[in-house]
Amino acid sequence: MTATTLTINNATAAPLQEVPSLPVNDFRDTLQELVQQQEHRVSAFFGLPASPAGRGLELVAVLSHPEAGKCELVRTAVQDSFPSLTPDCPAFHWFERELAEQYCLEIPGHPWLKPIRFQPPLPGACSRKTATAPNLTVGDTNYFTLAGEACHEVAVGPVHAGVIEPGHFRFQCLGEDVYSLEISLGYQHRGLEKMLPGGPDRRTLPLIATASGDSSIASTTAYAQLCESLDPGLQPESGALLLRGIAAELERLANHVGDLGALAGDVAFLTTAAFCGRLRGEFLNMTAEICGNRFGRNLVCPGGVNMTFTPAQAGKILAWLQRVLPEVENALELMFESATVLDRFEGTGTVSKAAALELGLVGPAARACGVALDLRHSHPYGCYKVSAPALAAGTSGDVLARAWLRRQEIAASAAWLQKQLAGWQKENCRHRGTPRLAPGMIAVSMVEAWRGEMCHVAVTAADGTFRRYKIVDPSFHNWFGLAMAMRGEQISHFPICNKSFNLSYCGHDL
Amino acid sequence: MFTVLKARLKQGYRTGKFPPAPPNLPEKFQGRPALAASQCRQGCRACLEVCPSAAIVPSEGRPARIDTGRCLFCGECAAVCPGEAIRFDPAEYRLSAFSRQGLLDPQQDSVPPAALQKLCRRSLSIRQVSAGGCAACELDFNVLNTLAWDLSRFGISVTASPRHADCLLITGPVSRNMLIGLQKTYAAMPRPKWVIACGACAISGGIYRDSSECCGGMEEIIKPDLYIPGCPPHPASILDGLLRLLGRDRDAGPAPLPPKS
Amino acid sequence: MLLSALSCFILFAAVLFLLFFGAVWSWFSRRRPERAKWLGALSAMLGCCAGTVLALPAAAQWVPAQHFAFLGLHWQIDALAGFFMLPVLLLGLAAAGHSLGYLQGHGGQRQGTYWFFFNLTLLAMLLVCAAATYIELLLAWELMGVMSFALVAFSFQEQETRHAAWVYLLACHAGAVFLILMFVLAGNPNPGYAGTAVACGLLGFGLKAGFPILHVWLPEAHPAAPAPVSAIMSAAMLNLGIYGILRFLPPVSPGLLGWLLLGLGLSGALLGIVLALAQVNLKRLLAYSSIENMGIAFLGLGLGFLGLSQQNAAMAVCGLGGGLLHLWNHALLKGTLFLLAGAVFKSTGTLIIDKMGGLGKDLPVSKNLFIANAAALSGLPPGNAFLSEIMIYLAAFQGVLSGNHVILAAAIIAAVGLALSGGLAAAAFCKASAAVFLGAARNPRNHEPHPECRLMLGPELFLSLLALASVIFAPWLWENILPGVLQQSPLIGGGSWPLSAEHGSQTLSAVRNFSFAIIALIAVLGFLRHRQLRRKVLDTGCTWDCGYALPTARMQYTGTAFTQPLSDYFRLTLGRHRSTVPVQGYFPQEAAVHITASDPGDRLVWHPLSRFTARIADKTRRIQSGYLHLYILMILIALIAMLIYAVASSLPPAAAPEPALPAAGQLHQNAAPLQP
Amino acid sequence: MPQNPFFWWAGLITALLLAPLLPGVINKTKACFVGRQGPSLLQPYYNLHKLFRKDCIRSSTSCGPLAWAPGLELSALLLALLFLPYANQLSPFAFTGDAFLFAYLLGLGRFALVIGAMDTGSSFEGMGASREVQFAALTEGAFFAVIGFLAFASRSLNLSEMLSCPLPANVPTVIAAVILAAGIAFIVMLVENSRVPFDDPETHLELTMIHEAMILDYSGPDLGFILYSAALKLWLMTALVVLMLLPGDLASAPVLFILHLLGVLLGGIVIGAVEAVSARFRFLKLPQFLLGALCTALIALALTVIGTGGGR
């Protein structure tokens, strides 16, 4: 095949001109070929308006291969319509729904073309359609319904029972049996993608950090890498990269421990729930010890990190970690030894490996199905180019697999962290700079957040500002996986299925 | 049973001593910001230019003030200030106020609602609604239910149904999509009822105050009775605010310090 | 107020005359619907009132038992007959009133036809109660069957109704055949036939009373008939099966009868209620609940007969009395519920529970009556059915205390079964009341629901008040009526010791007092709540919907969903069939689930049997060659075979061909469900 | 056994007053198990005090039952309280067969709650109600088997005598049977009161709750009624188990009074401990579990029959 795509490394940039612009049909064939025959993943697929007001829209696809460690870029220009790829490659379904919503693009052939965020069209959407865009009521769409007088719906959300973010779940049920679940989000939509073009400015970093509040380190790292790839003068030193890695693994530990505790809580296994709830706080406090904020809000910045980190601090955190880790092990042991807990987890909410591949699931949700997918290994970036925590794997794809996988990852990250902290030499790695971006470029930065692949893509305008900034949160890939996990389940299992995925609403809604 | 008991011995008793003992704050904690007028250089706008959420309010003739209701506690202003006039007090976590004005000037703060203190002093049910937040405020509010903070010992609980709630705790800048849900939840609560805005977004819209998809916080929708600043607020700040709201100041420790002038 | 024998006779004749005359006259004036309606209804109501004046003193033994010949036949009205006449009369009165409202809109000749058969059905039921010998019983029984068949077939335009009516007719005739057999065999001096006679009697009467497996006609016929007719059939006509057993069953040892009734009762109670749980048709649910309640009554009687055989007076009295009391309580409650189901049907035009919902706002009085009667029928205090159930529990626990291991085991299983059926009944009636009256309307109705009809409300209220009254008067009923009633049964009264009402009457009065304590407490608490809320502003808001913008009525449990876990648990019994268009692929476009529950009696017994007979019939068709000489040859062979058999066994040859009859009856009944 | 009605009345009044303490004890125990301070023992009282002062919100879907259900449930439980022999003193309201009235009064309370829940037309409440009737129906059998055992062991049909009669302590099988039956009664208590491992009163997840899901729409005094009723029911059933295990001829009435009170509070601690150490079962497994409970109760009865040589 001649160069139908542009191949670049993770966290690098290339002139937009070099990305082949194919006719729509060739574009579709290329994507289909890459995804179906060559097992590529769809990492991002988004619209790029020619100009804020005028007509004309380009579609850009970023595909990655789970082993080759490269990203394939390809684009096409469309008018009002783009024939759907979903019937052949289900991995595109959510992206196409997003395109239809953001740019009023017609996607003929899409089986479930419904809004995913209930957001008004973005600037640059087909102007003819924008005028007729319906005044949306959030959550008002044609849900799939089950026929039969006896059937009923259970509608959960947007305001859920616990302290959780809002989202709407529509179950098609008959009593306790769930026949199908449809997830309708958008309640957390804050217009983030609308606010980013024109940057980077003083708001950009805080905005990126709040894309998904529990993955601030991962988001800001992805953003920093983008800026660094677009500004050759802004190169972080190795210590800063390592500190980013340390913070990212602490974030992973905190969230995984918290998730396992929440899972225990949902089956009313009080002790582990309580212990893990506290232990999660310990990891957050370690992050706060490094940067003052429990979520690492102002740690990572383009060009390096915002904080100093001394061997003394490293020693303190190492000691702290060594005190906490046996307690974590103890709390988890308790849960995984309890027969009643295992009985609830085993065989519940199963997703098959085939479905995980076809739908393009990422992160622990995919790894638990036996899909070995980890950007720290496949597309190494930052400090992971030197060494990365061991790759965890599961097979059965049920709640137990997802819980067990988290336990493995906790062990792997903890071991890696201990090694890095023990070897910390640098006195000061603080370094920050103001990005001056190269114009007319496209850059891709993918990081392995604790939920999985997070992909940021930026296209710069002629004046060195962002023309388009695309964030693909791992949750964006995984929400549909949760819906699949609930097919044919008991409705009382939904909370543990949901917790075992623990997806981000705000990361999806942006 | 025995493994559980063994684990319990290993894990120990973990409810923190805060309050009334001061909380364990990290060294680099960014607490209440203060702007020392004496060190502030006339005509210098460095802090105004870097502040991502316009939290520094300039005023004619007088030194600028810092609106904690907008502040993200990122510390950029302190970093760029040539006179080192801005300082984030690493020990001052007590940030809550009972009026919007109190966030600008703690001395002008109003008193907490007396009816609430009479009715809910020992039993407060909170219905939390997340309205466009980034999940950080939610997570740090959730932390209060863990062993270490143990909200339940003060008689404060989180309920599933707004029908059981006395208090609505909002996080997030109130996205347009969440407005109906928020209003329905408030309407579903039995009277008397109160509202808490938790985090910069809920108070003023925070970093999203300019977004066309957000309503810029609670202020215009339902007037809050308690404001808890921060992005996200530290659990200690939230707990302190809740206890002050309930009139359990003795539990909550010493009164917040007046800002240094 | 003693009535002389003569006045009794005159009253009896008057009742029969009123009913008959009303029937005939409304038939002849069927071209004038208004006249036919009022003639029929008034005569039925007057007849029932007059009948009550006759039956109540008889039941209460204020007058001695009366025997008289009338129309050349022998009739008697004693305590037993009076006791079983009372539900017929009271239900007849209520149903006649209710029919006036229910039949509104039925013009043409239908009114006259309806009242003709209605009055004659009542007449036949009274005659069954008053029959003194076999002949009268059989005549009245057959009349009852045919007349009520016509009522079941009232809405004959619907295919389902026609099918139900045919099944019912076959069941009636099969029952009659068994009864004839019973009388023939019982008259035979050969003791070897006694057992068969009892078996035939139980089959014949059991077909009417809804014995398990024999019950299959019941859930077909009751929903098909107009609601007032279902009320009469379910509340009064089923009882007559038990009446037949108590009065006409050939002598049999109480122990054997006790075990039989206990087994039948327990299986009937559990089977009935498990099936009721799974129903989506409101009247079908009520019909299955009738099977359950008949089962409970049998359980009581069975325990009572066991007590008799054990010479355990407390057990015998509590069991027999409790069983009879339960029949009475069930009659009032189920009558009301069927009438209410009629009101629901009139209002919505459907009986499918899953299509309803939110009717409580349109029919407020009916809703309250339905919930109250449903709770009472689930055996919950302060309802009247609890009084009879507690007596049956007492009987069972007397058995537990008796010291006999076998009785102990049976009694504890009976008690546990009764408890289980009580819990399931509560579930079934929660489903019925909730899915019909509560929540929001599931389907947008195509017409405005009719307002509550006073003509229908009156009888419903009347029966409910009677149910309340029977709580008040239960101890009196227990002490003054039931012993006398039981004494009249040849199966019981022949015992060597008198039945004393002492057992249990203390319990009944205590329960009655506590029932009123509950009502008083509710009133007090209601008042307190009212006072507490008086000074406050009461807000009204929609049910908590998680803040979703557009909640719909589909977001509430349907009746089927409500009982889905329990039905799934009993799926082996229910034979539930899910026909699904499965949810397929990642983006399903269409899917559906329809659940049907089939009757195990039909599924496991009658359908295989009918398939078998159809196969046999298919094979024997070859014999039907159409050549006359072949038939003559066959007759010859048959005659010779009979001759040989008669000579060999030296028995009267008349008895030999008889057993072929029931088989034929069954065959018809089984073939019926196969009709398209 | 000496009768002293004063102690029965004292027991009744204690039950009415101290019932809300029991959930407090359970929560405190759970807090101890995980190492936190936990809510105050008196927290349930504070909650009730607050609720009775708040306003109500009526659901517009409701057509009545939502308003009267809490009162009906409370009245049923108040009456049921009259039949227990507190401190092993015979209840002055006892009559032959009151055990059945006791059981059915609990059923009435449940019916009221379920109808009230269905009145809201909410799928969560429907879900809770559906589960409630399911488990209640299946528990009923086990409960009656326990009553059968008690009736046989005490040769009485009156709950007071069943629970307070001295047992043939010299027969080991009977002792074993009593413990077995009390275990079943304890399980019945856990199911009836929606405790772990059958239901979880803590996780506020609509989709997995039973009791909590049914009361989502009550507010103010109505919710207060319901919470108080729930506390009463918990006290009632715990006292039942305690009285089964407390031999009537053990001591004098004042001592028995103290013992029965301590027993109930200890019951709260045991419930708390059970909740702390076990996860909640799958709903699908519960019916088998309850069936097992029924069989065990029947085994207890059989043991007694064999132990006492088959009756008198």
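By written order: A, B, C and D. Residues from 1 in each chain.
We take it that a contact is a pair of C-beta atoms (placed from the backbone, for glycine too) under 8 Å apart; a residue touches a chain by one contact, two chains touch by 3 or more.
On a predicted model such as this, the values are computed, not experimentally measured, just so you know.
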Chain closest to the assembly centre - both centres taken as Cα means: D
Selected interface, A-B versus A-D, where C-beta contact pairs are more numerous: A-B
Chain A and chain D: spacing of chain centres that average the CA atoms, whole Å: 48
Averaged-CA centre spacing for the pair chain B and chain A, given as whole angstrom: 28
Distance between the centres, which are taken as Cα means, of chain D and chain C, whole angstrom: 36
Centre-of-Cα separation between chain C and chain B, whole angstrom: 67
In chain C, residues with contacts to at least two other chains: 536-537, 539, 541-542, 544-549, 555-557, 561-565
Contacts with two or more other chains, residues of chain D listed in rising order: 33-36, 55-57, 123, 127, 130, 204-206, 216-217, 220, 276-277, 283
Residue list for chain B, restricted to those that touch at least two other chains: 4, 8, 11, 14, 129, 147, 158, 160-163, 180-181, 184-185, 188, 190-191
Contact graph of the chains (line, ring, star, complete, other): complete
Of all residues in chain B, those that touch chain D in their complex: 1, 4-5, 8, 11-15, 119-120, 122-123, 147, 150, 152-153, 155, 157-161, 163-164, 166, 188-192
Chain B-touching residues of chain D, taken from the complex the two chains share: 27, 31, 33-40, 43, 46-47, 49-50, 53-57, 204-206, 212, 216-220, 223, 273, 276-277
Complex interface listing, chain B residues touching chain C: 129, 161-163, 180-182, 184-185, 187-188, 190-191
Residue numbers on chain B that touch chain A, as the complex places them: 3-4, 7-8, 10-11, 14, 24, 26-30, 49-53, 72-76, 128-143, 145-148, 158, 160-162, 172-173, 175-178, 180-181, 184-185, 207-208, 210-214, 231-232, 234
Complex contact set, residues of chain A against chain D: 152-156, 161-162, 175-176, 264-271, 274-275, 338, 340-341, 343-344, 490-495
